[in-house]
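Two complexes, one shared chain (chain A), two partners (chain B, chain C).
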Partner chain A sequence: MTDHGSPNERGPLARAVLGPLSWLEDRTGIGAFIAPIMTHRVPPSAKWFYVFGSATLMFFSLQIVTGICLATLYAPSASNAYQNLVHIDTQVPFGWMLRALHGWSSNAMVAMMILHMVQVFLHATYKFPREMTWMVGVLLCLLTLALAFTGQVLRWDQDAYWGIGIGAAIADRIPFVGNWARGLLLGGPIISGETLSRFFALHVFVLPGITIALVGLHLVLVLRHGISEMPKAGEPVDPATYREAYEKRIHKEGVPFWPDAAKRDMVFCGLALLALVAIALLAGPMGPNGIPDPTDIETNPRPDLPFLWIFGLVSLIPPASETAVMLIAPGVLILGLVLLPLFGNAGERAPSRRPFMVLGVVLAATTVGILTWEGAKSPWSPVMDAWSSMPTPIEYVEDRGPLELQGAVVVQNAQCRNCHELGGEGGKRGPALDDVATRLSYDQLIRQVQQGGGNMPAFGKNLTSAETEAVVRFLLTMHPANEPVSSPPGALLPIPPQAAERR
Partner chain B sequence: MRATLLLATCGALLAGCGGGALPPGSVEAAPPEAPGLDTAEGVAAFYANACSGCHGADGWHGAARPLADPLWWRTMPDEQIVEATAVGLGRLMPGFSKDAKGGPYIAYAGLDRDDVATFVKGLRKRWETGGEPAPAGSAVRLGDASMGGELFSAHCASCHVEGSRDSVLNPFYLANVTDQGLWSAVVFGRPDLGKAPSSLSPDEIADVVAFMASRRPSWASQGAVEPPLPTSPDPDTTRETSP
Partner chain C sequence: MSAAEDERRANDTPLPQASGADTQSATDGSPCEGCGSSAAAGGGRREFMFKIGLGLMGAGGVAAAAPVVSAMLAPGFRSYAEQWVDLGAVEDFPPGETRFATFVNPWTAPTDGLTARTGCWVRHIPPGGASRRGPVQPLDTSSDEPPPPDAFNPEAPDFQVFAVNCAHLGCPVRWFPQSRLFMCPCHGGVYYEDGSRASGPPPRGLFPYPAKIESGRLWIDAGRLPGLEEAP
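Coming up: the complex of A and B.
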């Protein structure tokens, strides 16, 4: 289709190059497909504000390339993943750089996506006729965050463990189907090897597949409706006339995307890429921070940057509001974003005429900024050395049996007190344990220790059955003298049938 | 030209990062700064930070063995204490040095065996007082389990009633405790909790410990709480072994 002239009229070199090219073009028509896309006309006012979408796509492409490279090195096995990452970091030539690029590019992709979204929101580009483009964009935003989260889990370190633990705890709060949702997320009741396999499949196949498809749809929609103009105050969108007016203007004033608009995209993407390489060089790869083990939480785990604000939020809100904040608020927020263009697809686009929207963005940015800061600063648990430096209160040691005393040691060793108070000393993340026996029965305590729940991680994989029994026996002594334990007295000391038989 | 410069800079940066062998920032953590472990204050500070959680604020009344027990210090040699402190003992006593089983607790990762030895010397200075060591000595011996069973019935069972919370034949209790721990419990008791050391002879103690060890269940430790208890192993095969 493109006019290269007849190959026979050119010199031998040109023929050698152009011959195969025009053969390819003739058989596939790929140039004819791409050319109109590259040269489609865009408004001349589409300047530097419009580069963030391209940068997001650039970082996504980089994620795919580095991700494929990493997939050739990574083994999604719970017992090897951690050592595997250490191996990539220290043994594979430039393996650490590959991981650093993949990790920081993920943050960069989230950052660019948010800038892109904010720009589209402030300029009301989601209004007629680009409602669907926005809706697909919101889905892409969720997918990007899901990719970042599942990727963090694949590091299979302390951060990953606690991240997925909290994710599972959130899933657990869903009414009626919470247990099932947690099982679906974790591949079982607790975090295990199946969890890692599941997140590997999600991160490497499912989510990228859907994302690529939706990116395609997003781009098709962008081409279909054309790139929007910079908003002007006093020029509201009127669905009845917008299309015709846009077409007219774009024919008169429009410039071809390539090279006029694309050059800005390329300059910005190039600079962003250099910045990414610099960050990757200086900061190195993310993690792995400590072997995942809930009994060893000295590493002060943090979620990755895009989720720090959630972490900060959870550390600030009163426990009673957690279900509302963790479940209902995100649902409302996401639904609101998806449905936004349906409620206001006409009217003014200029930020100067939409002060409440601008205020909303400022408010959201301030809130997320402060919460991110809080998330980075707030102690994971107020007392990280409680387990080794805060003696079990003497009154909880006296008159305890041998197994119960072992349990008291396990409570210290498993670092329960970093989150739970005992005798007024210890963390405040979880409830104090001084009267836990009045609240939970033997069976409930066993279940809570093994499977976790609420915001507590599961200790089933990290405590032996005998240690679990010892902890629970000790905890069953934790009740005020005048208050009975919640389990029936007969269930206090069941003896294994074989032992009873032998007696 | 600019592009060439930029590439050259990037190349130099990459080359500067150890040829890509190690990620930046992966320098070994510096050892913790604390008053030296060769001073009484250093020993007290480290004890308060790392040991008091289980062994009690002043070495008494903790959930685990009281370290302030002078009889224990008179009986146990430094090497054994250093080994347990550095590497750990069973699953309930973590190691606190670089050699710890299953990796060191991160806050104490800077310690090596010599530091631990210095610390143990300091503790000994603090708590050992004159007197005789325990007659049983410090070496754990496993005697005749069947004899131990009879001794247990005669001397222990009246207080350590099986099935009660004071039972020391509870399979879960036995699964958590090492032979060393059983032996120490009999030899030293828990004087801080009003449990006096045993008055049995060293040979009798060896028999009782062998009996208790023979009752230890052998179910897979990571399994569910379904104890298929084994038959008592032949006493001859249980000698001088720790789980």
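Coming up: the complex of A and C.
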């Protein structure tokens, strides 16, 4: 204040600008409120590892801005939401880009949030005194995922429709209150207009409101406890002395957040924003992917990227464990994350001294990564049009007899290839049939086709005896030239005694 | 320091002093018993007003909460009576075939649009229960033989009507007449023509709708998204 001198000593222009500004500052105190926040001291070791939280916040802000714009264009009515989205994409100036930004920024926010969380976890920033910062962060993580899921529903297409169906089916599995939970989720007896309105209210009012409040709390806590230093091996956190030591260090070595630390945030956020715009321009808006007509069942519903791993998980785990995995595991996981700092809020922070925590992150990342990959490929799903769109490879019908050729036709027509590959084309649910004769004998093939088993339906009622015989005769030709047809051990004749003596 | 700030400080200062004086007189109390009793009386009035305020706020809140709680929670508690939906003439579903039928949900809202529509699979069991491809194989040893369909639909013993929703996680199953199987595109659930589970992750067979034939038309009791808790 004093360095500016009295307004009267300045030129008329400066007076015209500073006068109203100082009046505003006097009546509101905004500057006095913000200045200490912007210039609070942060440890000099807070460098590039610390940018992900800011990037998450930036993408969240972008979501709010683009979301408000979309709300001015979108009508949450099941009868015309889809057409509304097409209209935004094709008729509204820059509407497609608005949707592209909102959709891809959602993925970016999830990605940055996960990076932020992993960094905090690896550096054990959740330890004393920042336990609550972490707990609020876990809630923000859940809210972000909830926003992503509800947002996917507002894109009222086939994926959205059947995606809620999956959500309803999971809710339905909750013991005792399943029906009630499903009713709450759907807002009615079926997936309909009331469902979309519910998800709109959640996505636009409830979840963002809670998220904004918790982001505020998260930031207040960050300011209250200060930004943590980079962990150093051999410098464990001791709750008895930590605060005092931190204050002392930060007083001596700390640098103001603005501009010393903020400059890295700005560089990273700027690059991330440019990358997001580039992705949005190149990839365009997400969907809408097909009219949400429940009677149009020629559909192949898939969730958005953040949920593909769950999609993969529920099809790869043993069916008997499903309800437990779907209902209990998330609760245990969330509770574990929330309570994590209460179980270990002191001690070493350096990743090099916490090998099991690092292992946990590697394990979780590998699991989610592989499940996402599997979910994207979903090899367990039948390829619905394989039987009618993928021809039998020519080499498999060359030099075959009439019965074998008839079998090839049945293999095609009985939709075997929806689940079984032939020449690299077809479903991957069951094993490829290219060399099936080296694994199964005639009897085993007959049994397998008629009785099924090993996750294959029994075709005993669905094929005639003649068809089964033809299929098996065809399959017996499926072996490489240099590998014989399999014969079960019981069918092998014992070596004649004379031959044994001659040896 | 600017003049404005000085002014604010000058204005501010009397306030803490005044409040300080207040607390002092309240804590001292002794010089004037009457003051104390009048303060107590005032306290009683204040307390009464405070209680009245609490009560009024509470009553108002409860009164206003009815529609709020209802809007949020009622969908979970609403019960749906039987609603028989017309799927079409019985002749539209020839024996031995499984056909797709659509209907409009009996409970609709003005904004439902296309989602008011629902699909289902109608199977007309041919006489003798044999499939179109020929007689049942003698080698069939599947242990989980389904109950005879007439046990479920006494008023339409030859019909089975299945929801399109897979019993696993609700994706729409498709019927393949050639292999006589229902297949689900999501996680690979497969069902036989009688709706029983063939393979994949579903915990049970397809969800059946109760069906009946009345005046030459096929009716089903429908309107709720089928689920593990609700379906028969």
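Keep in mind that, in the parts below, the second predicted complex is superposed on the first by the 371 of 503 C-alpha atoms of A that agree within 3 Å, B and C clash if a C-alpha of one lies under 4 Å from a C-alpha of the other, contacts with A are read in each partner's own complex, and residues count from 1 in each chain.
Here is the rule we use: a residue touches a chain if its C-beta (ideal position, glycine included) is under 8 Å from a C-beta of that chain, and two chains touch if they have at least 3 such contacts.
This one's a predicted model, so the numbers in the text were calculated from it and none came from an experiment.
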Now for A:284: first (chain B), second (chain C), both, or neither, which partner does it touch? first
Contact-wise, after the overlay, does A:465 reach chain B, chain C, both or neither (first, second, both, neither)? both
Should A:52 be classified as contacting the first partner (chain B), the second (chain C), both, or neither? neither
For A:309, decide between first (touching chain B), second (touching chain C), both and neither. neither
Pick one for A:413: touches chain B only (first), chain C only (second), both, or neither. both
Between chain B (first) and chain C (second), which, if any, makes contact with A:97: first, second, both or neither? first
Look at A:161 in the shared chain and tell me whether it touches chain B only, chain C only, both, or neither; answer first, second, both or neither. second
Winner by number of chain A residues touched, once chain B and chain C are compared: C
One more residue to check, A:387. First (chain B), second (chain C), both or neither? both
Touching chain B in one complex and chain C in the other: list those residues of chain A. 291, 298-299, 387, 413, 461, 464-465, 467-468
Can you list the residues on chain A that touch chain B in the complex? 89-90, 93-97, 99-100, 274, 277, 281-285, 290-291, 296, 298-299, 385-392, 394, 397-398, 400-406, 408-413, 417, 446, 461, 464-470, 473, 493, 495-496, 498-500, 502-503
Which of the residues in chain A come into contact with chain C in the complex? 1-2, 22-23, 26, 77-81, 161-162, 165-166, 168-170, 172-173, 178-184, 186-197, 291-295, 297-301, 311, 314-315, 319, 322, 378, 380-382, 384, 387, 413-416, 418-419, 429, 450-452, 455-465, 467-468
Taking the complex as given, what residues does chain B use to touch chain A? 6, 10, 13-14, 17, 19-26, 48-57, 61-64, 91-92, 94, 103, 105-107, 160, 162-173, 175-177, 185, 193, 219, 221-225, 227-229
Taking the complex as given, what residues does chain C use to touch chain A? 1-2, 4-5, 8, 72-73, 75-78, 80, 100, 102, 105, 107-119, 131, 133-134, 136-137, 139-142, 164-165, 168-174, 176, 178-181, 183-188, 190, 192-193, 198-203, 223-225, 227-230
